[in-house]
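Reading through the structure tokens given below for one structure.
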Amino acid sequence: MAKIVCFGEIMLRLNPEGYLRIRQANSFCASYAGGEANVAVSLANYGHHASFVSVVPDNALGESSANALRHWGVDCSQMYRGGDRLGIYFVEKGASQRPSTVIYDRKDSAIATSKREMYNWPEILDGADWFHFTGITPALAPELVEITLDACKAAKEMGIMVSCDLNYRKKLWSREEANAAMSRLVPYVDVLIANEEDAFDVFSIEATGADVATGVVEGAHYEEVAKKIVDRFGCKYVAITLRASISANDNNWGGLLYDGERSWLSTTYPIHIVDRVGGGDSFGGALIHAMLSQWESQRAIEFAAAASCLKQTIEYDFNQVSVEEVERLMAGDASGRVRR
Amino acid sequence: MAKIVCFGEIMLRLNPEGYLRIRQANSFCASYAGGEANVAVSLANYGHHASFVSVVPDNALGESSANALRHWGVDCSQMYRGGDRLGIYFVEKGASQRPSTVIYDRKDSAIATSKREMYNWPEILDGADWFHFTGITPALAPELVEITLDACKAAKEMGIMVSCDLNYRKKLWSREEANAAMSRLVPYVDVLIANEEDAFDVFSIEATGADVATGVVEGAHYEEVAKKIVDRFGCKYVAITLRASISANDNNWGGLLYDGERSWLSTTYPIHIVDRVGGGDSFGGALIHAMLSQWESQRAIEFAAAASCLKQTIEYDFNQVSVEEVERLMAGDASGRVRR
Amino acid sequence: MAKIVCFGEIMLRLNPEGYLRIRQANSFCASYAGGEANVAVSLANYGHHASFVSVVPDNALGESSANALRHWGVDCSQMYRGGDRLGIYFVEKGASQRPSTVIYDRKDSAIATSKREMYNWPEILDGADWFHFTGITPALAPELVEITLDACKAAKEMGIMVSCDLNYRKKLWSREEANAAMSRLVPYVDVLIANEEDAFDVFSIEATGADVATGVVEGAHYEEVAKKIVDRFGCKYVAITLRASISANDNNWGGLLYDGERSWLSTTYPIHIVDRVGGGDSFGGALIHAMLSQWESQRAIEFAAAASCLKQTIEYDFNQVSVEEVERLMAGDASGRVRR
Amino acid sequence: MAKIVCFGEIMLRLNPEGYLRIRQANSFCASYAGGEANVAVSLANYGHHASFVSVVPDNALGESSANALRHWGVDCSQMYRGGDRLGIYFVEKGASQRPSTVIYDRKDSAIATSKREMYNWPEILDGADWFHFTGITPALAPELVEITLDACKAAKEMGIMVSCDLNYRKKLWSREEANAAMSRLVPYVDVLIANEEDAFDVFSIEATGADVATGVVEGAHYEEVAKKIVDRFGCKYVAITLRASISANDNNWGGLLYDGERSWLSTTYPIHIVDRVGGGDSFGGALIHAMLSQWESQRAIEFAAAASCLKQTIEYDFNQVSVEEVERLMAGDASGRVRR
Amino acid sequence: MAKIVCFGEIMLRLNPEGYLRIRQANSFCASYAGGEANVAVSLANYGHHASFVSVVPDNALGESSANALRHWGVDCSQMYRGGDRLGIYFVEKGASQRPSTVIYDRKDSAIATSKREMYNWPEILDGADWFHFTGITPALAPELVEITLDACKAAKEMGIMVSCDLNYRKKLWSREEANAAMSRLVPYVDVLIANEEDAFDVFSIEATGADVATGVVEGAHYEEVAKKIVDRFGCKYVAITLRASISANDNNWGGLLYDGERSWLSTTYPIHIVDRVGGGDSFGGALIHAMLSQWESQRAIEFAAAASCLKQTIEYDFNQVSVEEVERLMAGDASGRVRR
Amino acid sequence: MAKIVCFGEIMLRLNPEGYLRIRQANSFCASYAGGEANVAVSLANYGHHASFVSVVPDNALGESSANALRHWGVDCSQMYRGGDRLGIYFVEKGASQRPSTVIYDRKDSAIATSKREMYNWPEILDGADWFHFTGITPALAPELVEITLDACKAAKEMGIMVSCDLNYRKKLWSREEANAAMSRLVPYVDVLIANEEDAFDVFSIEATGADVATGVVEGAHYEEVAKKIVDRFGCKYVAITLRASISANDNNWGGLLYDGERSWLSTTYPIHIVDRVGGGDSFGGALIHAMLSQWESQRAIEFAAAASCLKQTIEYDFNQVSVEEVERLMAGDASGRVRR
């Protein structure tokens, strides 16, 4: 059991039931989630001490966001109260040719308006083995770039491993802003995680000849991307999720891990999707578990791919699987036969 | 923005949740819909002034049927109050090899018992660019054949385009009755819409060698059907929807447009179905939009096919898509990737 | 209309809505079911006088379990009141690579603690044409082995046909215990039903080269299994369900019937699954109907396969189909087109 | 255990959830009920053989209406299949000053269009101890007056007790029509049941000085009404329910029984209402049970009042109480303390 | 039918089901409402042309807010698209001693960030008979004070009646800010509406000896308040709602109308509350209808009190009653008896 | 912030929605609760370190029971995994004269079958300020009497305060068994809590002339009971909840605290009940908080009464209120006015 500190925003997620569009909704299912919170839940599920660092408002919504994490075993003692509002996002589940859509209403959220002096990183990171953030956190506000940088520097000094999921969000900042900020942060990152498009969006690093909408997961193209990232920023590992969308219901899914020397491709899973939101985060959480377990690269990427495959068969952002369940799938039991 | 007048019945639709059978249902989802009302909603969605002409009872159900259309921007000022009851239909969603079923309870509904003198067509059609009805309306009662004929004649005199979706319903009338009535009405129709079976059921016009249950959409067979219709009735356009049912969950879907000279086939979409009811109506609504936009035949049939593909990924009868969403699919984005 | 007596446990089934995991559930859908009760409902659906013999507690849950069967036309006059509790099972529906899981909480249920002297078999079986039980009933408690044996003997003496679904449940007893008990019971059985694994689990009778998780239904391997059973126990018929799990959502499904001379394979159905629990029971119920109807072997196995295919498109354990619906599928209408 | 035959219509009841108005409803709770069916369920609950005579359409709705009664133990073997549709009614639950409202959509229902020759009353009533109908049945159609008369005459000849709940429905017939028909039927009735207004509406028999909206249940005024009925038609017993509406949520409730010699008033219950629909029917069902049990008048009216008080604390039309529960309330336990 | 223009914010309202607290909620019921929008819906219900002026974001939520108003017949042609977000409020329904609570998340909403030049008041008010706003609108932002003032001045010049509901919201502005702004606006107001506390909060005008939490509606104290408002600002009418909270479930409710000469008290209604949010707005809407109908003062205040009593028996903010229903209650039918 | 250790069973609670009876339920709301767990949640809500000691099975239900407590901040590190099943109870909410009922299905639950050697009390109680149990825990099994005694002795030795809620459950043991066991345990108890009936049921200590079903809370009678308990067992404090049931919906509620010298009565609250289950536990939790805060007796009993009044306005067993909310009610704000 290691201690991992995750830093980011947690939001109220609202989605209509089933395949209803937002404009048809008379009610919304309510849950609480966020890129880094999702990673924390994965790690708590795998038996780690996962601590989530954030700021939420001092009202029933802020309190509920913390309760939701505590429910799954995340340490919420570093979730500060402050600010005016909890960010909200609305998810509309796509079907067949109709894409899923997300409406973000996260501006001026509690964490986005938080100040550098609120965070005492040496204290927060005390006893930690790992620090994780995503590209969303610095995108929330210029101040958050500095705060995240403070965290990275402290982690580095304290000998703590640092991972980052690039997670480019074009509604939060421009590619230029992302490039500027992330270029300051990624040099502190040991393990960089990205999807097929992030590296291009943020750093203009491109996979030659890849096409994300063809239904074929072509991992080979991405070794090149990973290598370029390592060359530019000196990360130890780069992991890339590979999603080929056949339709909103059916995706092929896998991952690639580049360990500085060579890349390792996972099994590709044809997924009949229940909820794809949080898929990438569950990949990150599983990869961190694999690395904390010091597994070899092939096993690590297989674990990450299998765990995140399973996530996409589960409603809401959080991955609700145990190590045992992931390993059963890795061992080849993908038939979905009933377990009595 | 054109003005389209749609004439027909609106009913209360009741369906069990999800895949429950009617005999298992302890509750029903309630919505309001009908072949021509569905077309009106599609056209309001595309920005037109769509007016719905009907009769509904003067009670909370009649009022709700009008509110439901007004919700989506349809002009309900020509929905008269009268009669005793609102028609009802129960939809049971099929799955895999189990077919969807519909129980109609529409006899003696407000519109079915309405009288010819209630409709002042020159006034109703004043300012209209287009008049739309389906083969269901005259099937409701002998008086409705005459009322629909009145409407068609008035439209013709006023230089208004007329479209009709054949929509044969064997529970409402026999093939002989349908043939007799539709043979009087279709000569007034500029744009005739039908599915693969309607032309045979109503006019005994057959596609040589077509088989609707094979999973293959064979549009070529239907050019012949379209041509025969044009020859017999003088319509300007005939559009035919092409559905190949692989199972209740998976259909291949496309359309054909015959413009008097040649036929144009749309892309075929493999659809993982959410709700197929209203698919044909959304095709009709989209085709009318395309024609009002004076698009060329290929673009018109592609728009109609893409719009009605999307409808089948949406719950309930009404198509809830914008022109922009349809055009994104026409442009090839069928991968269902999340839009953040 | 024949009279069939089914003997076994009925339980409260609780499952989260849709694809939620049990750990995510804030509510459970409640129904009442059990292997033999499911068969009784199938037979009542087909128009027979199906009587269910069991013991349930004298409280609102026991009463509800009887009401649930009576709802579908099962004769509940032989459901005795006694014992302390109704057994419960929790079903979590799997999706894609994530398997369905079942948690049983049935220990010390009313029937499991019932005594031999409670059952007057000659009276219970009076007027019956058929007696059905499954391997679950004797697995509930040692006393139940004797009770079931009493029933089998009485049936035999009264010239009543006996069927048994092997239904091995590893949580209830060991393979050794199952073998010992079933070896005493199966000699009384005329029609033995099993899935691909039961014969091996209970009697160590194996199909050479079969692999249940490949997605291919290889019936040929199972003729050998059926023949060995007939040789060992003297059953008149052996029927085996053949399920190939592509994923938790997609299964191929069919059946084989061995009539002592040769085996008959059914059509294989690719099923997009709604609820697979009760699939085997609906196969058994349909097979009994086919045999009571004295249909030839090919028609019998086709009826059983088609009926149980349809069951898996229906929520909850009970099969909700009529003879007419099964026959429509047997006749080749598998396209799921809407029936208006 | 006596055999009671109830004759009348069963309908699909649709009501919005909770206190939503029909115009706000996106779904309806579905149940099946009717005045005489409700009585049958009460009697089955009390352990009797209650048989329901009706006609329902041969579709999933007609079948479900029978299943719903069978669920609660009612004998449905005399529910014939025929006609086109099942009657429907929509219930909107009132609150405080807002009244409950009901929309009936029962015209041309299966039973309303049934013919005299469908009913073989000597056969239907064979073995019966009691025959029950309400004023709704003859109100459905002129033919139903004759059918009901046939039933009454047959019952009389066979020495079967006859009860009738006047249940005047002004949407079904005028006061004049009701008077004409009921004046032919009531002479056959042994036990007449009515609410405070029925006797006036149907027979212009009035209680001097009664006011139904004052919140005070003034039974004394109704002895006079009962006496007049007995004098005019020769009934043995007249029972009148006494409801004082304080608001849609709070009613005072009791009953009066006139046994030809004197009247007996029940306890008055202040009810915080859950669902008042079916309250009168549960009174009738309980009174019939009391009379079949040959209880003295005071006990009979107390049982009927207590049972129908409890009904109004239960959702939907059917009374879901046992004799033991009614007797516990009669014994004075009205405090609603939890029973563990 | 008059034309009324209402100006204000419309928000997404989210509330847990039933009496659940926000911290317990796994889903929220979604509706769209706001003080002035609620008034517009009331007036549309009473048959008027009610136009709602606002700004909502150009996304599915903004669109849905307009659809929700259009559903009930409000003219939404002056709902502009712009800004970043739709305001949201969370309502937790209280029970007994537990108060209802509201969490507002409306900062930087589309209308709050709208600019003066967006509103062409002479055009917006063209053809209007009445202009309505509340104290919430100017509280949204300093710019909104000026915009509202523009509207008031334009209305005055055009001879349009102006009404304002004081509606003090302490989370939006201080008493000093409110006083400063409202003192500029109220001089343009013909009909001022307030609850028992608003006049004090905004203008420090107090009722001698009133106590809002005693369960007694003491209207007499408020004539003095109304008179002072008229004296200070010159309004023609002042109407005050009088609520005495016995508990979160039970309130006594009435109103007072001061017409410059004397005050008129309405009937006091003891309400068993379903949803009290929007009660004051329904009072305002009904009062405007009464004044447009030029009813005498007593009838006007009775109509307003009865309408708003009924509102509180209805879920969500909008009043769903017809003139006929209000008049039935005014006529004394408060017993909530079922209407068949 | 003190540390409180609570020892007892946690169960799955299943209840139909709203006022549905169990026999009407098609789904159950699922929560996890138990007498001592409820106290732990109350104390965590008030800011304490509440630790719950129990045994739950190693499956999704056991895990969920722990997650449910962790959600609300309870320390679950002493919830051991073991045994076969989680206890279950079904709650049916009463209304008006219909009582709530509970069906327990808790036999052979994980904790009931747990062994003495599993509990290392000195370690479990390390650092604790307070130990709490109820009369339910020793009632689960004879071994639990010994285990509870071990805990009490360890607490006493370690100088930890001990509280016990008598909570007599007649379905778990006889009055004789309860008397025998509790007479061994209560001598270790500093603060004894009971309802009006427990002292009589367990110790035959009676209040002269009290009648629990009269609707009047007569605390005076209970001082005598409290005094007798102190005299017999030497407890420092005895607190008694006083419930007068007017109906299942309306109760009067208060409490009495006897501090060895005199008794203190709380305010009596007339409660319109949302969910009364857990009322007594919330009283206990609040009382412990008051005592840990070393408040004087009057304030202590007022806090306990107000907190438990609020609990009964909240769904499910857990009290969801803050100290601030309780104190607001104590300060007299019982009017339930909306808080914006």
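The letters A, B, C, D, E and F name the chains in turn, as written, and every chain counts its residues from 1.
The working rule: contacts are C-beta pairs under 8 Å (C-beta built on N, C-alpha and C of every residue); 3 or more make two chains touch, one makes a residue touch a chain.
This one's a predicted model, so the numbers in the text were calculated from it and none came from an experiment.
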| item | value |
| --- | --- |
| Pair exhibiting more inter-chain C-beta contacts, B-D or D-F | D-F |
| Most remote chain, CA-based centroid, reference being chain F | B |
| Distance between chain centroids, defined by C-alpha means - chain D, chain E (Å) | 44 |
| Interchain centroid distance [CA atoms averaged], chain C/chain E, Å | 62 |
| Residues within chain C bordering two or more other chains | 18, 21, 23, 26, 67, 101 |
| Chain contact graph, described as a line, ring, star, complete graph or other shape | other |
| Interchain contacts, given as pairs of chains that touch | A-B, A-C, A-E, A-F, B-C, B-D, B-E, C-D, C-F, D-E, D-F, E-F |
| In the complex, chain A residues that touch chain B | 18-21, 23-24, 94-102, 104, 169-171, 212-213, 215, 245-250, 276-277 |
| Residue ranges of chain B touching chain D (in the complex, touch as defined) | 14, 21-23, 25-31, 59-61, 63-64, 67, 84-86, 88, 90, 92, 101, 103, 105, 107-108 |
| Of all residues in chain B, those that touch chain A in their complex | 18, 269-274, 309-310, 312-316, 320-321, 325, 329, 333-340 |
| Complex contacts: residues of chain E adjacent to chain B | 67-68, 70-73 |
